[in-house]
Each structure stands twice: as C-alpha cells, then as structure tokens.
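Below: a set of structures, written as structure tokens.
Below, chain A partners chain B and then partners chain C, in two separate complexes.
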Partner chain A sequence: MGRLCVICDKERAIIKRPKTSQQLCRECFYYVFETEIHNAIVDNKLFKKGDRVAIAASGGKDSTVLAHVMKLLNERYQYGLELFLLSIDEGITGYRDDSLETVKRNQQQYDLPLKIVSYSELYGWSMDQIVKEVGLKNNCTFCGVFRRQALDRGAVMLNVDHIVTGHNADDIAETVLMNILRGDIARLQRCTEICTTGDECIRRSKPFKYTYEKEIVMYAYFKKLDYFSTECIYSPNSYRGHARTFLKDLETIRPSAIIDIIHSGEAFEIKKEVKLPIQGVCKRCGYMSSNELCKACVLLEGLNRGLPKLGIGKTHRMRKIHGDMPQDTAIIPHFNNIKIDDNENNNVIIDESNKSKEKL
Partner chain B sequence: MCSIQEETLLESNVKIKPTTKNCVKCKTAKAIILVRHSTYCKKCFQHVFVGKFRKNVEKSRTASNFSSGEKVMIGFSGGTSSRAMLQLISEYNEAIPHKRVYSEIVVCHIDESLLLNQKSTIPQIEQSVRKYNYPFIGLYLQDIYNSDVTKNGCYNSVIEIAIDAKISQQEDSTISSSEKLLSLLNNISKLTAKEDFIWYLKLCYLIDTARKNGCTRLFLGDCSTRLSIKIISLTSKGRGFSLPLETSSETDWFEDVIITRPMKDMLAKEIGIYNQFIGLDDVYIQGVTSMMHAKASIERLTEDFIVGLEKEFPSTVSTIARTGAKLTPSDSIMKENRCVVCLMPYQENNKIWQNRIIVMTIPSSQKSNECNDIRLNCSRNIALGDCISCCDDTNNDESMANVEFADSLCYACRVNIRDIKLTDKKIILPPYVAEGVEERKKNFNRKQMKKHIEEYLLCSEEEL
Partner chain C sequence: MSLLKIKLSFSGGIELLFDNIKQKSVEISSSINSPNPTTMKDLISWMKDNLLKERPELFVSGDTVRPGILVLINDSDWELEGELEYEIKDGDDIVFISTLHGG
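== the complex of A and B ==
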C-alpha cells in the first residue's frame, strides 16, 4: 500500500504535484487544480454575470483543458457566462487542419458554439503561402501578429465581451524572462497582468496564469481529455528556446521557480522617467497599435508588395527605398466594419471552401 | 533547431568581428582588444575603463550631501572585480592628495573558509591590500552569531528551529559560533537556499560592520555581468520586489549606510583585461557551488545561462542590465516591513497571495483543521515553511511564535526556509534575526495600542 494523500488522508496518493511536490490522490488533485483557477477568476473579478466569453481554442492541451474547466466552473459556481469556442485557422497543412478536427470534437463534447476565423479569409494569405514567400526565417512573427488580431476580430464577429486564452504559468514566467532578456520594458510590465484591456478593446484574460503546464497535462491525462499534441511544423524560435530550456532547468532545481518568477514580475515597477509607447489605433485598419500603422498592416503590406522584409527589421529604411504603399494594395478591412454574426446560436463554421483550396 | 532566428540576427544587426583593426577611439594605434563590437588599443581601453568608473563615482558623490571627508568601506572579496575596484578607488582618492574625496577608506573582507573546511583567506587578502595602507578588517562569517552584530550592540537571544517545527526565542546557548553556522547551513537541503542564506548573512554583516565603524558608504564590486546574472536569478527566486534595491548603482535602503556599485558598467571581461594590464593579482575564493555542474543551484544555472548567451549574442548582458536599471523600488515599500533574515523589504499580504494560488486544503478537512495541522506537521516534517503557514488557526504560544516568525519573512526567504531539514541537531538563526523579530513585535504592539485609543487622539503621531 502506497502513501496516503496529504490533503484528505484517506485515499492513496497517486501523483506528486509538480507545483508543490505534495503527494495527492486523484480527487484532491482535481479539487486544488480547479479551485486555484476559480480563485484566480474571482480574486481578479475577471467576469460579470451574463458576460459572453470566447475561449480561444487551438485544440492543444491548454485550450482543451481550459474549455473543460471553464464549462465546469461556470456550472459549479454559477458564473452565469455564455461560452463560445473561437479558433483561428492559420492554414498550416498537416498541423492546423488536424488540430481543428480536435476543436470540432470538443465542440460536440462540450456543446459550445464554435467559430473559426481563417488567415486566408482575413488577410488573403495562409501560413503555408506566407512560408513559401518568406521562408522559415521570421515566419513566426507573421503568425503571432496575425493571430492576435484574428482572435480579436473573431471575438467581434461573435459579439463577445471577453476572450480567455490558455496561457499557463510556464508561458508567463517564460515571457517575463524573455522581456528582461530583450529589454522590452513595456511588455515586461504588461505581461504579468491577468487581464488586459484597451479602451474599446475586448477584454482578454488568462485564467491559467498560476497553473503549471505539467499539471494541465496531468489533468488532461487523468480526465482523458482529447487533445492534439504536435509541435507546429514551422515552429522553432531560437531565443525563446533558450529561455524555455532555462526555465525548465530552473523548475528542476526548484519547482516553485515558475510561481516565484511570476511573483517577481508582478512586483516590478518602472521608473516614471522611462518613456513607454502610447497605445493608439492603426490608421489603416483601426486595430490598437502604438505606431501609426499596426504590425499586421505593415506585415501584410510587405507580403502584398513582394517585400516580406518590410515589417521585419528596418521598416523605415525599406520605405525610403521602395516608397509608400500603392493605392490598389489589398488591406485588412477596417476594425469598425466587422459584421457581427447574426445566426450566433448555430454552430457557425465558415470558410470550409478556403481550407480545401489550401490543401491543393 | 536553433539556427533560424540567429542567422538573420547575424546578417542584419550584429557584426561579430569589425573589419577595421585600428582602435575606434584614437583611430591611429593598432587595436588589441575587442569589447563587444568595438576595438581598442591598450591606452584608450584603460582611459575608457577608468572613465566609466569615475562617471559612476562622481554621480554618486553629487547625489549625496557629503562634499568631502566621507568615511567609506570597500567590500572586498578578493575576486577580480573588487580587486580592480580597490585600485580604482585608491587612484581616484589619491589623484589630488590635499583634496581627498574620502577622508578614510576601510577595506573589509569576510572569510567563508569554514563552509568548505579550508584555510582562512584573511592572511592572503591582507597581504594583497597591504600596499594601500588602508585599515583592514578581516571578519569570519561565523561571527555573525556574536551578540554585538546587532543594532543594539549586545543582543543575546537567538531563534531556534527545533524538530517539532517549533520556533522559539531563547537565550544564547554555549555552542560555538562555528558550530551554529555549520549546523544551520548543513541542514539546508538545497544549494539554492544555502547560497542565498550565505549571501544575505554576508551582506548583513558588511552593513553592520560599516555602521559600527562610522562608514557612511559601502562600495560593492558588482560588475555588469554579475548584475545581469543577479537580475535574472533574483527574479527567478521571487525577489522582484527588492530587485531594484539589490542591483541599483546606489541605494539608501540601509539608511545610514549607502550602498554604491561603481563597477556596474564594466563587463567581467573588461575588468579581467584591466587587471592583467596593470598587474593586479586577484585571490581565488571558492564558493559552495564553484566548479559544480550548472544545475547545482539557481545562481549557478543563471550564471551558466547568461555567460553562454553572451557568447552567442554579445549584447545580452548590457540589455539585461539596462532593463534592470529601468525598474524602480515600489512606492509601497515601507521601511518597517523589513524581512528579518535578508533585511530586504517585503510586500504586505504576500502570504495571502500565495495561499490563493496554491491551495493546500479541501473544504471537509478545513473543519477539522487542528488534527489536519498536526498530521501535516509530521508527514512533512522536512518542509518547515509549509508547517509555519498551516499553523495559523491553532492558538497556543508556540504556533504564535511560528506565525510571527513566518510573517516577518519576505516571500523569497519563506521559500528558502522550506528547504531547512529538521533533524535532532539544533538549528539556530543569528541574533540579528531574533532582534528583528522582537522589534517587529514591538512595532506591532504599538500599532495595536494606537488602534485601541485612536478615536481619542487629536493629532498624528509625529506631532505628539
């Protein structure tokens, strides 16, 4: 007979909790796991009763567990939320098309409306096409910038108040380290906020802020949740890779290091004399931006003009050489002109046609 | 797998080897040194190096009120950076002999040889600083247990951590200082916590010695490489709140002793070259993780990480240092909220924060809290920090002492304390810690008293 769970002292302990190294039984692990997320939600007053909340769903472990836990907590504690699944189809053959199948299965299991927004619908370019154009260097920049905006646009279409993402404690700790290493002081301050919100923007929050990645996997494993676990075929990103390895090593030395880093990050305050970028609105597409044009517009312009380097590195110099954007170049439709889906209660899946085209 | 982003970086931004072989400063002499992206000849390198030091020292002088005649102390480990610092401070002070900037310079070294059971480093250090003719103070780390290393000057109580997770204040017993220090450090099961403890014991001892000797300034030799390692390791250990105080070029956190770091803009490499040029010998001091593998401790891992990254991306150190310099101590820092072990500020309510994000109990077990506590104590008697945090509800004196002690620690020290193994040996924390707990208790009592009579007070405390 093994050791008893240190919390209930009744059941046999079957796991060593990654966050605390405590030996727990299954039920107690579920309880602390879910309660910590519930605490994060109520302590930070993330939601109001009646909020319409979109769960950013990629089909990966974080978002699958997020969808499960959000639905569970919403029922258990009567948050009174209306939940939706929102997926982005980047158009990566052999990766995203497979993971979207998982999301569709989740939709069935959890009985939540699903909306899929695709890059090709929004920007006229799928990631496969972008990689063909720019190669494997910097393609993650395109994908990341485009995804952020696509999520917000999808949220407007769904007419939701709030997007929740599956960023976990490991992701946040890693971002804190990255921002110190990169010297990105503005993001260093923002990255530990559990909920970010612009003036007119949709609120975005991370209920898994204090949840360890290992425990998410553990939870999914024991609950037998169905998720897609393949690395993106275009993924490697070297500098972040270093930070990630370092973080994993830290965690081996001291399991609380991830929480400790977040604790540090939350305590950081920036000198008043340090200039921070002012958040404004992109004059081309109306999306929030600290420059005249948002990054997505510049990147897209680069793609459409055959100058993929335009948005990477020295935009200024590129503009001097190549001049401003010609009139007839395609741009992202203005943010204020997004149409809200009317048949919201049906499970809206758009863009089936586009996807099959990409496969060809 | 790592090749993708790097290649672009190499192409567009970073030129590892500049094409010119002449010194970038005088443009005539042949360059012999490469510092980051610039090449220097020997003369210009020294000029720039000394210039960086003077800029920092002068900035701190104009910031302080002392126009002349300040008595200062140099924290001298004997390593490369403090060796160079001693030379630079001495040159700077003797430049105009009749107008010295510092009236007196004291060199202070703390000997940690006990920890590794080695020969004392003091004779060797004394030898290497002798030619400067400055008063030299050689201390032994174990003497932090002396009753005079306290504010009071003669505080006899210590804090004892015993096997049943009791924490009690007691009269100092008869075991020697060396035994006390060894028993404390040997019972810390993780090197990360051990290193952390040693560093703060040293810092507290240095501050106390400076204070007792009438020095208003303490020079520490942290170079930019060291500082950037510290920025990352402090962050990783949960010390973000005090990080700006612990890495800034100057801080008055210790009120009457200002800490200055004049070497903060020099890379370890530059200091090494400088020492070689002017023939300064440093003393190799072995630490508890020296020559160990990278995963021995957080400090050691961070060092490995930063030094490795700097080789690949030569602006890593300077970027981290610049980021760190943009951080500021929070407005919410209060002088009386000082951790009793590391003397750094702690955040109010950091324990509540922790209890919300790390849930340790389930509702049914909360009702029978008392027995649950006891069980937690015995089942995990290796994890002291947890015991402290779960004894909140019981009301006897011993657990009150536990709570008091736990409350007077900062977040990071509480994490460290968890790594103390409880054995049948006595584990004793130095008198200055006990003094801090006592002081905190008094402050707390006064606050309670004030609360009690608040409505009858007509004016604020300052006016009374």
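== the complex of A and C ==
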C-alpha cells in the first residue's frame, strides 16, 4: 500500500476525494479543501471588507469546521471581516444544552464573540415545552420555523450584515430532492443559491455549498476539531431521512451524484406563467413573509391559544371555528424593535438564556 | 491460525450503536474465513455479530457499512486501502465515523 499524493507526489495519500477521485496527502487535502471554500467565497463575492459576519454555530461538525475555516481564511486572505458566533438555544434538555457546551469551547478555541439566543426568551416556549404540547409529530416544523427567525433576530442584535451557515453540498442536494418530491417550486428555485437576501433582510450564505460532507468530516477528524454529534432526541424527521439515505446510496455508486443534483437544481428554470409567492412582511411581527402573517406568528398563536394545530393544517378552517386571536395573547416582539447589543459586550459570552433565568 | 490485536474507534454518533464506547481493543482470528486471511469484510460481519448492541441496519448494509459511514485504516481513507478486500494486520487501527448526524 502507500500510494502517493497526486499533487505533491511525495507524501502518502490519506483521502480519496469524492468529487474528483483524486488521492491526496494530508497537507495537500487541507490546502485544496480550504482553497475551494476561499474560491467559492471570492467567485460569488459573498463579503465586503469590514462586513460583520455571524457564523451560525450549533456545535455540530459543519458549523465547527465552518468557524475554523472562516477564521483561518479571514486571516490568510485578509477579508477584513469581523466574525461572531451565533447560537440558538432551542431548549432541548440532553441535546442542545450539551451541544452549546461545545460551542462555548469553540468560542474559547477560536477566540470569537459568542451570542446565544433562546426560544424561551424569544417565543416564551422551549422545545421541551412545545413537544409536551404538540407531541412528536409536527415538532420539527416548530423548531425549523422558529430557528430560522431566531437566527435573523440574533443577527440584528449583533448588528451583523451577514449570516453564514454550515450547509454543505450533501445538505443542498438533499433539499433539492425534497423540494422536487414535495413540488415546492418556490423553494426549489431558492435552495441552490449560495447567497440569499430579502429586501431588508440580512444576507445569508453557504460557503460550503460545494463542499462534500465526507471532506468536512475528514477535515474535522485530521484537524482534531472539537464537535458534538448526537442525534436530536426529538427528530425522527423521516422524510429528510429517506432523502438522505437515497442520496448516500447514490453517492456510493457515483460520488459526483451530489454535485450533479445541485447542478440540476441550479439549471431548473421556472416558466413565467407559474405564480410564485410574493415576499412581504408579517403584519404582526415584521419578519419577512409571503403571507399576511408569518409562519412563526401563526405557530406561536396556536401554542398560546392551546390550538397547536393552528399553523399545521388548515389555518382558515381553524380560524372559522375558534375566531381571531384574542387581544391579550402573547406575540413575538416586532422585528423593528429589536435592540442592538452594546458593542462592549462583544468579547464575552452573551447568553440571553441565563439572563432571563436570573431575572426569575 | 493466530490472533490479531486491533484497535477500533467509533465517533460521529456511531458509538451509540456500540454501547457508547468510543474505543475498543479486540482480538480476532487471522483467518476467520479459513483458510483465507481475515479481511475488512470479515471484520464488519464479526463486529455485527459480536459488538453491535442495537439497530444493525444503522451500521451494516449488505456485507459492507451503511453508506454515509466513513472508515479509516491506520488514518487513511479505506477507499485507498482496498475497502472490503483489505487484509487486517496485527496492530491495525480502524476508525468508523458516522456522517449522518446533525450539523
């Protein structure tokens, strides 16, 4: 054994790249991995000098590698970015509390300011409480909708221009498949974009759009990065699970399948006659929405009125039966009223979840 | 026949299928499938019968590991080492990493 690296022709190869089948040694692999991400950032002009960028950090493999690589590239190529870690505490005992410990260690290791925003603080409900109310069937809908908005709200508090997430090529290919399977044309069109931005909304991008999961995991392994890997205790999420298994089976037969699916997603052109939802803002909380009320507001209203199905099934019919929302129901504070954190706090852990506990 | 001493490591969430143990030294026969030398294929099947604590379908698929599980042999991608055909040697260090857990 002991094949040589195809780039340096000196060291023993340690990885076969899924995208290209190239056999690379450790140092050449690091170089190629990091440079491809740098190229994705530069080619797509993701950042401007001086941008404040929040890295969405869950403590899992993707966001841990993302934080490591963003810090490294920012220094190596002098992007001039101010980086932050932004974590969401969904309030899942035995899962998120452990993974947040990993994020806190990352904060030390990478020396980046960290902000944690919790569901309890934003919505008045933790995921543990939501699951008690709604059971294990639609809980992932609540969690996903709430997380998306929580990240944007956390980003406003940090006063950043941009959020980067650890979505990798496998995730994106999986989402393309799922949107096709669900006939979700609007999302199919958006989901392959490396950078999305609404009118007044914070830019969001995926520097790992072309990065295979296998390489992220191998990179984390060889660099001995500290990440957390336990399945969420509430997530069977079987639809995505099936799409994932299918994709992994395809990858085994033909590794380029992942990048090919992304390419197909990019190439879809939607006929002009197809009606797409028009983006507006939620009249209750000011968050972007293609309906009068955003999904988070409807879901929260359902929780607060003891009608957890309100935002899941036929909202119109439920409203006919139960009437409009009573005046005194708790709602999400308006997006325009989010307070920006003091800059002085930026070098410490800003853990809102503890603050609210102290208040009690 | 002799015994091979090897080290197995589990991470990325796959340790949950192995009693939450991250590392384990084991001894296996050098020719499980006598007279042929023991290969990765034999090891995976041996692990399934002797070490796996739950839900075998999350570890094996047919006679190999489930797609999405990375294998390293002595810190090298097993795809470079012959995968299932690789002949286990005394002192080998074999790592299984799941990529299927959240990011």
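Keep in mind that, in the parts below, the second predicted complex is superposed on the first by the 341 of 360 C-alpha atoms of A that agree within 3 Å, B and C clash if a C-alpha of one lies under 4 Å from a C-alpha of the other, contacts with A are read in each partner's own complex, and residues count from 1 in each chain.
Heads up, the rule we're going with is that contacts are C-beta pairs under 8 Å (C-beta built on N, C-alpha and C of every residue); 3 or more make two chains touch, one makes a residue touch a chain.
In this text, all values refer to a predicted model and were calculated from it rather than measured experimentally.
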Which superposed partner A:E269 touches (first chain B, second chain C, both, neither): first
Where does A:G166 make contact in the superposed view: on chain B (first), on chain C (second), on both, or on neither? second
Return first, second, both or neither, reflecting whether A:M218 touches chain B, chain C, both chains, or no partner chain. second
Which partner chains sit in contact with A:D260 here, chain B, chain C, both or neither? Use first/second/both/neither. first
Which partner, once the models are overlaid, touches more of chain A's residues, chain C or chain B? B
If we overlay the two complexes on their shared chain A, which of chain B and chain C does A:I321 touch? Say first, second, both or neither. neither
Of the two partner chains, chain B (first) and chain C (second), which one does A:I278 touch, if any: first, second, both, or neither? neither
Touch test for A:T252: chain B only (first), chain C only (second), both, or neither? both
Please report the chain A residues shared by its interface with chain B and its interface with chain C. 249, 252
Which residues of chain A touch chain B once you look at their complex with the stated criterion? 6-9, 19-20, 22, 28, 31-32, 35-36, 39-40, 43, 136-138, 176-177, 179-185, 188, 210, 236-239, 241-242, 246, 249-250, 252-254, 256-257, 259-261, 263-272, 274, 312-313
Using the touch definition up top, name the residues of chain B that touch chain A in the complex. 1-8, 12-13, 190, 192, 231-232, 234-241, 243-244, 294-295, 297-298, 301-302, 305, 309, 313, 316, 319-320, 322-324, 326-331, 347, 350, 353-354, 356-362, 364-365, 372, 375-376, 379-380, 411-412, 415
Chain C residues within the chain A interface of the complex: 11-13, 16, 66-68, 70, 72, 75-77, 79-82, 95, 97-103
Using the touch definition up top, name the residues of chain A that touch chain C in the complex. 1, 3, 12-16, 23, 58, 60-63, 166-168, 170-171, 213-214, 217-218, 221-222, 229-232, 235, 244-245, 248-249, 251-252
